[in-house]
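A single structure is presented below for examination.
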Amino acid sequence: MPETLISVDLSKPATENEYLHNRWHPDIPIATWVEPGADFIVETVDWTGGAIANNDSADDIRDVDLSTVHYLSGPIGVKGAAPGDLLVVDILDAGTLKGHEWGFNGFFSKKNGGGFLTDHFPLAQKSIWHYEGMFTRSRHVPGVGFAGLIHPGLIGTLPSQKLLDTWNSREQALIDTNPTRVPPLANPPAPKTAHLGKLSKGDAWDKVASEGARTVPPREHGGNCDIKDLSRGSKIYFPVYVDGAGLSMGDMHFSQGDGEITFCGAIEMFGAWLHIKVDLIKNGMAMYGIKNPIFKPSPITPNYKDYLIFEGISVDESGTQHYLDANVAYRQACLNAIEYMKKFGYSGAQAHSILGVAPVQGHLSGVVDIPNSCATLWLPTEIFDFDIKPSAAGPTKFIDGSIDMPISPDL
Amino acid sequence: MPETLISVDLSKPATENEYLHNRWHPDIPIATWVEPGADFIVETVDWTGGAIANNDSADDIRDVDLSTVHYLSGPIGVKGAAPGDLLVVDILDAGTLKGHEWGFNGFFSKKNGGGFLTDHFPLAQKSIWHYEGMFTRSRHVPGVGFAGLIHPGLIGTLPSQKLLDTWNSREQALIDTNPTRVPPLANPPAPKTAHLGKLSKGDAWDKVASEGARTVPPREHGGNCDIKDLSRGSKIYFPVYVDGAGLSMGDMHFSQGDGEITFCGAIEMFGAWLHIKVDLIKNGMAMYGIKNPIFKPSPITPNYKDYLIFEGISVDESGTQHYLDANVAYRQACLNAIEYMKKFGYSGAQAHSILGVAPVQGHLSGVVDIPNSCATLWLPTEIFDFDIKPSAAGPTKFIDGSIDMPISPDL
Amino acid sequence: MPETLISVDLSKPATENEYLHNRWHPDIPIATWVEPGADFIVETVDWTGGAIANNDSADDIRDVDLSTVHYLSGPIGVKGAAPGDLLVVDILDAGTLKGHEWGFNGFFSKKNGGGFLTDHFPLAQKSIWHYEGMFTRSRHVPGVGFAGLIHPGLIGTLPSQKLLDTWNSREQALIDTNPTRVPPLANPPAPKTAHLGKLSKGDAWDKVASEGARTVPPREHGGNCDIKDLSRGSKIYFPVYVDGAGLSMGDMHFSQGDGEITFCGAIEMFGAWLHIKVDLIKNGMAMYGIKNPIFKPSPITPNYKDYLIFEGISVDESGTQHYLDANVAYRQACLNAIEYMKKFGYSGAQAHSILGVAPVQGHLSGVVDIPNSCATLWLPTEIFDFDIKPSAAGPTKFIDGSIDMPISPDL
Amino acid sequence: MPETLISVDLSKPATENEYLHNRWHPDIPIATWVEPGADFIVETVDWTGGAIANNDSADDIRDVDLSTVHYLSGPIGVKGAAPGDLLVVDILDAGTLKGHEWGFNGFFSKKNGGGFLTDHFPLAQKSIWHYEGMFTRSRHVPGVGFAGLIHPGLIGTLPSQKLLDTWNSREQALIDTNPTRVPPLANPPAPKTAHLGKLSKGDAWDKVASEGARTVPPREHGGNCDIKDLSRGSKIYFPVYVDGAGLSMGDMHFSQGDGEITFCGAIEMFGAWLHIKVDLIKNGMAMYGIKNPIFKPSPITPNYKDYLIFEGISVDESGTQHYLDANVAYRQACLNAIEYMKKFGYSGAQAHSILGVAPVQGHLSGVVDIPNSCATLWLPTEIFDFDIKPSAAGPTKFIDGSIDMPISPDL
C-alpha cells in the first residue's frame, strides 16, 4: 500500500494546515522529503480551501476572496534534485476522498474574478456535479453525463529567487498599464492572505508573504496550467529551480474542457488524492532544451470520438475585426456552441457550464491567415442523453427548462 | 463512377481556366449546377496556381505574388439552395492527381508574406514532400514520415453582397490602424490580379474585381479555415447566403499541423481531387443558430496516440508579459518544441517545417488564468524513425545535419 | 458516498462468509435486496478465496482444490425483477481493497486444472503482479508494465431450476464421453465443497449442493465469461431467470488478455471492489431476442494502438491438419508470439504469462477458408520497456534471464 | 508516379491473363522482378475472376465453379530474396479501379461451398455494395453505411516444393477422413481449372497443375488469411521459401468483418489496385522465430468506438455441449446478433450480410473455462442510420422489410 505522504483534514480550515500553502516562493519550507523513485499519495483540498459548498446558491461563488487561492499540498522535496535537473512525475492514479463525491463549477461575477465569457455571463452562477463512480452528472444541468478525466489543475516546482523576481517584475509591468481594471490584468503579491506552510511568523514570513507569487497563472515551473490532459496515467517532466525541486499540487479537477473557460473552474473536487511517483533526469533542462514542462499523455483517456465541431474567427461580438487573435476566435467558437445547444432547450448558463466541464477540445486550427485566426471547439456528442446532431427535421427540445443553475446578483 | 464535375489542366496557367476563381463575390458566375443529393469529383490546382516548383530552390517562395492566391474550383450551384439554408457537404474521398505525387511546404520571407514564426525564420525556405501512397516523406527533412490526412484548406460558399460589404469594411478598418505594416494586417481587394471564373471583362467584371474579397482569411462562410480535421470522411454544414449556395474549394493539403504555422503552408498538393456529396437542410441557419460552419470529423483519422506535449505561456521571447494571449502562448509552445527537436540533430527550419506539416495538435489548454494563457503543442512521437522521447541518458543525434532545407536570401 | 452493500473480511476464510457462495442455484438465498436505480459497492475476494499467496513459490497453485472455486459476492436481489426482464448493470467503477495492491497469475499443473497451453507448460508456475496506481508490473516478469483494465471475470444472474437442469444434463452428457480424462471435460456438481451463502444446513442445503452448477464455465446467464472488456465503465444487459434476478460477481481481474489463456488466470486481484448500478428493462429478453448477455464497452480503455500481430492457422504442433478449428489456430498464434518474445530474452513461461495478463487481443480473423481457421494474436508493443519490433539488425536480448517465474514440480 | 507493375484488363477472361494464377506452386514462373526497396502498383481482379455480376440475381453465386478461384496477381520476384529471409511488405495504399465502384457479398449454397452459417442460410444469396468514396452502402441492405477498410484477403509468398508437399499431404489426410462430405473438408489440387500464369502447356504445366495447392486456406506463407486488418497502411513480414520470394495477391475486400463469416465473401471488389513497397530482412525467419507472417496494423483505421457486444458460448443450436469449441461459440454470438438485428426490421439474410461486411470484431474472449468457450461479436452501432441500442421502450422497426436480398433456390 503506497504511503500517504500528505493528508488533509477537510473539517479544518485550510489555513490551519502546515502541509498546505497558497503562494510560490523558494523559502517556503519543504513539507516532507522523499527519495527519487518513491511513489506515494498526496491528498488535496479544493482550490478555495473549502469556501464553496454543495448547495443551491451561488452566493459563495459571488463572495469568494480570490486572494486566498489556491491551497496546494506540498512542497515535497526530492533528495538530490538540483537546479537544471528535470523532475519526472508519473501520475499513477487519482481519485476522490471518500464521502466527498462531488465538485463544483461556476462563473465568477464580473466584479470579482470574471472569466472568458464574463461579458455574456456577468453574474455569479454555480452548478454541482456528483460522481457516479468514474462518471459525473449535475442536478443543475440535466441530460448530460460523462466519464471524468481526473487531473491536477495545478502542479509545479518551487521557483528560484531569480525566477520569482522575474515573474513579479514582468507581471507588475503589465498591471501598471491599467492598474484599476476590473477584473485585473494580473494579481500582485497579497501578503495578508498568504498561507506559507510550516513557515513561522517573523521576518522570513514577512519576506515570503510580500514577494510570494500568486498561484493563478501557469508559469515556467508548470503551476496552474489547467491542462485537462495532465491526467491520471500521464508523465510530466518539470524544470527544477531549487535544491529538492519542491513539488506542490492541488486544484484537482474531476473533468474539464480545454481552456477551463468557466474559470471557476472545471469540476472542482472538494477533496481528492493523487498517487504519484517522482524521479530525476540530471541536467535534463540543458540536455533537452527545456524551458516549460513537457509531458506524455495517459494511455487511458475517454474514447469519445464523435464530435460536433464549431468554428470561430477573430471577429468579435460587435463585428470588429481583430488581427489573428486566437482568444477572440475561441470565444466565438464557444458562443456558437452555446447558441446551438440552446436550440435543444439548455439555458445559456447550462450550455456554458457544459463547455467548462465536459471533455471538450479547443484547437488552434488556423493562426496565420490574416487577419482571421480560426479556432475550433470540439463538443463530444456521446455525452448527451439525446441526439444533439443536426438533421433536416430540425432540433427537438429535449430539455424543458424546468431546471436551471442558481444565480446570485451582485450586492 | 462519379462524374468529374470540374477538371483542371495542370499544364495551363490557372488564369486561363474559367472553372477557377481567386476572389469571393456574389456575382462570380456559377460554374456548374447540381441537384441536392448529387455526388461528384472536383479537381483542384495548388493554392498558388502552379507558382511553386518541385526543385531545390526557395526562390519561387520568396518571389511569389500573394495577390494572386488562392485559385479555387467552383462556384458550384446547388439547385434549390436559398439564403438561410445549410449546405451539407460530405467529403466522400480525396486524393492526388496521377503523376503529381508531391507537395510543398515553406516559409515566406518576412518581407513577402511572413508567418507565425517569421521573426525567427525571416527568409524564404522550402521543403518538398513526396507521397508514398497514403504516407509522405521529404528529401529535405530526413527521419520523419507519416500518414496524410488530406483536406481542403479552403472550402466555402459565396457571400451575399451585404456580407461581403461587412467583410470589406471591417477589414479595411483594421488595415487603417497601420496601413504600411509589413507584413500587412489584412489584404484589401486587389483588382489587378483578380481571376473571376466565367465572368467576362466589362463593368460587371470591374465591380467584382474591385469589391471581391481576398481569399486568405477564414470567414463566416468557411473559406480558408485551414482546419486539418475537415478531412476525407468529414461532413460539413455551411451557411448559405446566395441562391444556389455557390460552393468553391481548393488549397488542398496532404497533411497539416494545427495552426498551419508555416503559412506557406501545409503540404500543398500540386494537383488534387475531392469527391463530395451535397445536400440541404432548409432554413437550417435559424433552426440551429448557425453563424459559422460546423462539422463532424471523419471516422477515419490517423491513430497516432503517443505524443510529446509542449507547454507555452503568454510571456514572449523578450520576457514581456502579455494578457491571456493564446497566440503568444502557442508560439512559445512551438518554439519549445523546435528547441527540443534540435537536440536530436534537426535544424531549426526542419523542426519548424515538421510542426507545419505533421498531424500536430495545438490546444487552447488554459485561457482564463490571468495573465497567462497556456497553449499546448502535441507532437506525435510515432512519426519519427527514431526514439524522440526523453530519457535519463539524454538525447542522441540521429540526424547528422548533412541535409537541410533550401533557403533564399531576400533580394 | 455510495453504500457498501457487501463487504468482505480478507482475514477470515471465505467459507465463513454468508455473503459469498461458490455454486449457481435458484435456491441460494438472496444476500440483500436493492431497488432498481440503486448504485452501491460490492467487495470481492479472489476467485480461490485466498488460497494463493504473495510469495515466490508455485506450490499453492499446484495444490489448489479447484472444486472450491469461485467465491462470489451475492446474490443481490433487485426488487421487481422477473423472469424475462433484462437486468441492466452499469459498472461505474472498480478498484483494489487498500493494503492489497497485488494479484497473481499462474499456470496450473496439467494434472490439476491444466490450461490452454498445458501441453507446453505442464507444471505449476506463478507470477505476482504489483499495482502502481493504475499500472502494474511483476517482480517475476521484467521489462513490461501496462495500465490495468479492471473487470469482473465472473458476473451473472441466478438460473431458474429449469435452466440449471439443462446445464447439468448437457454438461454431464459431455463428461460421459470421457469420464476419466485429465484435465476433465467439465465439472459436475461437487457437494462436499459447496458454499451456499446464507443457506442453513439441512435438506434444502443438500439439494442445492448436489445440484448447484459449478462456476467455471460461462453460460446463458453470463457467469465466468472472462471477457476483459466487461470493464469499469461498461454497461451489461443480463437475462433474468428468477424473481429478483440474483446478481453475483467475483473473480476480479486487474488486467487480462483475450482468452485468459493462462487459466489461473488473469491478474487475479486478492481483494477488490466494484461500484455498480442496477436497473431493469421489463420483458427485455423477448423484445430484443436476448439469449446471452450483451454489453456496451467502456468509454475509457487503454489506448494501446501499436501492435505486433501474430497469425496462427489450424495446423497443430505435430503438423496435423484440423478442420476450421479456431482453438488450434489461436494456440498457434500464441505459440508464435511466445517464440518471438523468447528472442528478446524472455523464458517461455514469462512470454506465456504476458499473453495471459497484458491487454492482448485475440481475433477470429478467418473462420471459413477450409480447412484452415486463421486466428490473430495482437500484442501491444507499447507495454515493453524496450523496442520489440522487428528490424533488419535482428533482435537484441534486453532481458538477461537472471529472473524467472517460480515453478513447482508435481508431487 | 509509382509504376503499375501488373495491370489487369477486366474485359477479358482471367484465364487469358499471364500475370494471374490460381494455384500455389514453386514452379509458377515469376511474372516480373523488382529490387528491394521498390514501390509499385499491382492491379487485381475479383477472386472469382469476374464470375459474379452487379445485378439482382444470386444465380451466379449459386452456380460458381469454386475450383477456379482465387485469381491472383503475381508472382512478383524480389531480387536477392532467399529462403529464410523475411519479405517486408508495406501496403502504402489501395483503391478501386475507376468505373468499377462496386463489390459483392453473398452466401454460397450449402451444396456448393457453404459457409459459417450454412445450416441457417442454405441457399445462395447476394448483396451488391456501392462505394461512395471511402464509404459503402448496399441497395439490398438498407439503413447501414460505413467507411471501408480496404485490404487484400489473399497475399502470400510461393511455397518451396517441400512446404507444398507438406500442405498437400496434411490436407489430403483430412479429406480422407470423410471424402464425400458436402461441403468438403478441404480441396485437393484440381488440374483441370488450374491457371498458371506464364507457364506453357507441357510436362512442367502438368506437374504444377496436378500438385498446385488450392488457394482457399491460409497457410504458413500467408495466403488467404482474410484478415481485415492487413489493410492499407499496414506492414507485413512474410516468410520466404523460394529464391525471389514470389509474392502474389488478390481477393481485394472493400470491407470485411472478423471471420469473413459469409465466405462469399467480404465486399469483394470487382477491380482494385494495391500500392506496395517491398524490402528484405535477411535471415529474418530464424532471427525472429517466424513460422507464419506477422504484421503491424495501419495508423489509419475506422474510429468506430461504440459497440454492442454479443456473447456466444460453445453450446450449439440443438443445446448440445461442446468442449471449448471457439467456432461454436462464435457462431452463437453471430446468431445472437442476427436475432437482435431482426427486431429492428432486418431479414436474417440482411443481418447476416452486415456481419460479413461491416467492420465487426470477433474476439476469442475466453478459451479455458471448461467446457464453454466464450466468443464475442462486436457490432459497431455508428454504422446504422438509426439508433440500434437497447432501451426500456423496446426496439423500433426502422427497416420496413420492403427490400431484401436476392435468393436463388438450388436447381
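Order as written gives the chain letters A, B, C and D; numbering starts at 1 within each chain.
Rule of thumb we're sticking to: a contact is a pair of C-beta atoms (placed from the backbone, for glycine too) under 8 Å apart; a residue touches a chain by one contact, two chains touch by 3 or more.
The structure presented is a predicted model; accordingly, all values stated were derived computationally and were not measured.
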**OP:** Indicate whether more than half of the residue numbers at the subunit C-subunit D interface occur in both copies; give same if so and different if not.
**Re:** same
Original post:
Higher C-beta contact count, A-D or A-C?
Top reply: A-C
Subject >> Distance from the mean Cα position of subunit D to that of subunit A, given in whole angstrom >> reply: 51
**OP:** Let me have the rounded angstrom distance from the C-alpha centre of subunit C over to the C-alpha centre of subunit D, please.
**Re:** 32
Subject >> Whole-Å separation of chain centres (CA-atom averages), subunit A against subunit C >> reply: 40
Subject >> Shared interface positions of subunit B, touching two or more other chains >> reply: 299, 303, 305-306, 382
Original post:
Which of the residues in subunit B come into contact with subunit C in the complex?
Top reply: 303, 305-306, 382, 387
Original post:
What does subunit C use to touch subunit A in their complex?
Top reply: 1-2, 39, 90-93, 98-101, 132-135, 146-147, 232-233, 275, 277, 298-304, 382
Original post:
Which bits of subunit A are touching subunit B when the two form their complex?
Top reply: 86, 115-116, 166, 170-171, 173-174, 183-187, 216-220, 222, 224-229, 237, 258-263, 280-284, 287-297, 299, 305-313, 315, 319-327, 330, 332-333, 336, 339-340, 342-343, 361-376, 378, 389-392, 394-395
